[in-house]
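One chain, subunit A, appears in both complexes that follow, with subunit B as partner in the first and subunit C in the second.
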Partner chain A sequence: MVLKLVKILIFPGFSFLAIYGMFLEYLDRKIYARIQNRMGPPWYQPLADFLKLLGKEIIIPADSNKKMFKILPIVSLAAVASAFVYIPVFGNTSSAFFEGDLIIVLYLMTITTICMFLAGWYSRGVYATIGSVRTLTQMFAYEVPLFMALLAPALIAKTWSITGMTAFYEEHPRYILINIPALFVALISGQGKLERAPFDSPEAETEIVSGVFVEYSGRLLAFFKLSVDCELVLVASLISAIFLPIMTDIAVLDFVIYLLKTIGILIIFSLMRSIMARFRIDQVVKICWRYLTPIATVQIIINLLIRGLLTL
Partner chain B sequence: MEKVDENKERAENKENEENKESKQNRETSERNRIVIPIGPQHPSLKEPSSFIITLEGEKVVDAVIGVGYVHRGIEKACESRTYIQNLYLIERVCGICSHTHSTAFCQGIEELAGITIPRRAAYIRVIVAELERLHSHLLWLGVAAHEIGFDTLFMYSWRDREKVLDVLAEICGNRVNYGINTIGGVRRDIDSEMMQDTLKMADYLEGQLKYYLDLVMTDKVLSARLVGIGKLSREDALKFGVVGPVARAAGIMDDIRIIEPYAAYDEIPVNPVTDTHADVFGRTVVRIKEMLESLEIIRYSVKNIPDGDIAVKAPRRIPAGEVISRTEAPRGENIHYIRSNGTDMPDRVRIRAPSQANWQGMRHMLQGQYLADIPITIAAIDPCYSCTDRAIVVNSESGTEIMDWQGLRQYSIEWYKKRGIDVSLVKMPERKFYA
Partner chain C sequence: MKLLEKAINWATRKSPWIIHYNSGSCNGCDIETIDALTPRFDLERIGIIQQGSPRHADILICTGAVTIQTRDRLKQIYDQMPEPKYVIAVGTCACSGGIFDGCYCVMGGVDSVIPVDVYVPGCAVRPEAIISAVQKLLDTIGESKKKRDSNAKSLADSMNNNNLTRGMKNNTENNAENNGQDGGDLCAS
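Our next item is the complex of A and B:
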């Protein structure tokens, strides 16, 4: 019981998630800056930003729904933290697992996006409202290809549990190669899920200031920013656990491999962010439905056929 | 006055719409409309300006443009200062294209006074003008890239802009507001070391600019955000009287350097740069190609600069008369009108900065666009608000009126009085105003 609590709250649970989220944010900003020929921030910058925001005054708009306005950042952070429990980090099993936890993780991931939508909606600002509508529009765009891509490998593994999938692919490492198109789709729609450039129109600074977060300040903003950082870790870990299940049976070595995999995925995310201009929201929808969803559908069909062949 | 016309036009449009749509339809579509303010303070605006955008979903239905937040009364202030003092004031009309304003002003006075400046001075004016065009366009490229969320290009182009600013600082002693023009020539000579540095910078920049041109021409994401945005066809461009890269992107060659050569442009070959896209993409291409052309002009002038004096003595009192002086600013045609009454102060100075001409087509360009394209559409005319702002009261309770200097002062005194500050007690120094 105590061990479980330690696992969920400290390592590899919430505390690790927050620290690693800040580290990945630093790495992301540093890579982005170096590509742009800038110096970039020092290593403690995300932590300093967080601590500074904690001490700042909270201003709540008079028109807003105050209860929701205050609760949403916490709910968002809690959803990410709960989802992270089901992802194997230290060793090849996660802190908690059951048949179907992959679906739960996908649901919890959606909650953070819904929280952002509600946060913008209840702030009642013009920019926030437009940002929240865009957040929702974008969710409808990326969610289908992202979910299809993440569920496709599960079809071959015949299990809806992330830990179970890892175990299956550990036994049959050659099947990893089949899922490469789905990995491609997951990386791009994952960028959309994280609302990073080129899919950052929900919080486009030059258009709608910062979208849903525009009315947020102080501690509430700090928690939202932290939940965005944690979401980055969650998506990177999920992609690495599902598509790159490279495992040894030594827990510490597995942990090092996990770090390398997530950092590698982050580098791809950062490159994507720095080499492209921002898409308009209608272009995002077009890309997701015209290109990503068909690829993911083909992947699902292929995986179903392979699954059929395996049972023969 | 233009804004009054716009109001009328808007009212007419509204009437037409009312006739077309049934009442019920209008009500539902109006209920779906939201009005969002962009500005006076907004991250996409570099200077204060207000755009009241009416949206239906993400589409712009109407845009009301309000400029005038940084009006400084420079034209009026010029009338109570000597010509030499005005030189420094005129230089500060715009922070980016300060040289073109002072060139236009000096040229006008030189024409009134009947002075011909030495050829070497004319060449130095050309070199500084082209360096200014380079840094202004590079700045624009960065701002435009930032508006569409492409921060890497933003950082790259501003990094390259620093090289131009370094050369400008070496030649003029300043990064902006160069202070190199004087009535009758220029104030600083250019030596061989400066020329070498300028050529070195030109070689570096040429490679970079060709890369940017290639990037804009081939990058799919960039063209998705630039092509077809902010359309202003050739006919509309002529109707609204836009100038500079906005007009040239619509295929109208209005380069003053070619049409009416000033300074040393009569000797220097300038190739016209035009495009037929008539949108933001065309304006981007025109500006990058213009920079490459500027590099050629700089190379030619550095190689062919004649020896000799850099300035001739100008009289303190300028003979009575009036003059219109035109220059090609980075943003387009820049017009200065100067009227002299024979004293050492001008009787009237009127500046028509290029942005003022380009604003007129803005509402037309914004209509039917997506909200996401508004920043880049606004940025594409490379607006310079402080050049443009005039003090005209529109839609006040008493109707539209143009305020004069005294009226403005009276208005400001009352404005402060309402807030409990009485500035009428402050003694103003005696000043002579020309009617």
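Our next item is the complex of A and C:
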């Protein structure tokens, strides 16, 4: 019982998630700065931002729904933290797993986006409302290809559990190669999920200030920023667990490999963010539905055929 | 409790988020402010990020003399910022009204509407001066009020001893003479 609590709250649970999220944010900003030929922030920058926001005044707009305004950042952070429990970090099994936890993780990931939409909607600002509408529109665009891409490898593994999938692909490493188109789709739509450039029109700073977070300040903004960082870790770990299940049986070595894999995925995300300009919201929908969804559909058909051949 | 306060003071010094507002400037100081945010100066090294929303910002960088049109908006932006908040008046016009002082539509400097923490004179201000002003402001965060007052007093004393005003007066006189001579030369040629 105590061991379970330590696993969920400290390592590899919430505390590790928060610290690693801040580290990845630092790395992301550093890579972004180096590509622009700058020095970039010092290593403690995300921590300093977080602590500073904790000490600031909280202003709640008079028109907003006060209860929802206060509760949404915490719900969003809690959803990410509880999704992270099902992802294998230390060793090849996660802190908790059951048949079907992949679906749970995908739905918990959706809750954070819904929280952002509601945060913008309830704060009643003009920019916040536009931002929340765009968040929802973008969600309908990226969600289908992302889910299809993440569920396609599960068809071959014949299990809906992330731990089960890593175990299957550890036994049959050649099947990883089949899922490469799905990895491609997952990386691009994952960028859309994280609302980073080129898919950052929901919080486009030059158009709508900062989208749904416009009215947030102080501690509430700090929790939202932390949940965005944690979401980055979650998506990177999910992609690395499903598409790159390189595993040894030594737990510490597995942990090091996990760190290397997530940092590698983050570097791809950062490069995408720094070299591309922002798409308009209609262009995002077009890209996701016209290009990514057909690729994911073909992937699912191929995986179904391979699954049929395997059972013969 | 004291440790937490120290940590938050440290974090406030290390992560100043700025918002830039033009309250009636000629755009000279605005160009220099944007210049200070370019990769050449790389303000992210000392944690500065430009924010669009006043709710996220700690420091209001205000350029230009305050006109009647922008007075209410400046006040509104200042009120929207969460505590602790600081104001830097960038440019001679923001400090005192500059050459626009006494104009029918000008209220005066930024301090005629909202309290100002740091004044940066110059027309237009150099980006280095803005960065230095932000750094000087951050150094005072966490200091006790007594210490800050004594610092300000010693600064004022040193300025009085240097007789800055008299020096400036002499300069202007010299300039006037020079100008006269120049004018004469121009006529002769």
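Assume the second predicted complex is superposed on the first by the 312 of 312 C-alpha atoms of A that agree within 3 Å, B and C clash if a C-alpha of one lies under 4 Å from a C-alpha of the other, contacts with A are read in each partner's own complex, and residues count from 1 in each chain.
Note that in this section a residue touches a chain if its C-beta (ideal position, glycine included) is under 8 Å from a C-beta of that chain, and two chains touch if they have at least 3 such contacts.
Note that the structure is predicted; figures quoted are calculated from it, not measured.
Contacts of A:Ile58 after superposition on the shared chain: subunit C is touched, whereas subunit B is not.
Residue contacts after overlaying the shared chain place A:Gln283 against subunit B, while subunit C stays out of touching range. In the superposed pair of complexes, A:Ile10 makes contact with neither subunit B nor subunit C.
Of the two partner chains, neither subunit B nor subunit C is touched by A:Ile306. After overlaying the two complexes on the shared chain, residue contacts for A:Val256 are found with neither subunit B nor subunit C.
In the superposition on chain A, contact is made by A:Glu205 with both subunit B and subunit C. Once the two complexes are overlaid on the shared chain, A:Ile275 sits against subunit B while remaining clear of subunit C. Residue contacts after overlaying the shared chain place A:Gly40 against subunit C, while subunit B stays out of touching range.
When the two complexes are laid over each other on chain A, subunit A has residues 36-38, 127, 205, 209 in contact with both subunit B and subunit C. Of all residues in subunit B, those touching subunit A in their complex are 34-37, 42-44, 55, 58, 145-153, 155-156, 159, 219, 221-222, 224-225, 370-375.
Residues 7-8, 10-12, 14-15, 39, 42, 44-45, 47, 51-53, 55-56, 58, 80, 82-84 of subunit C are the ones touching subunit A in the complex.
Of all residues in subunit A, only 35-38, 126-127, 129-130, 197-198, 200-201, 204-209, 274-283 touch subunit B in the complex they form. Residues of subunit A touching subunit C in their complex: 29, 33, 36-42, 44-45, 47-52, 54-59, 127, 205, 209-210, 213-218, 221.
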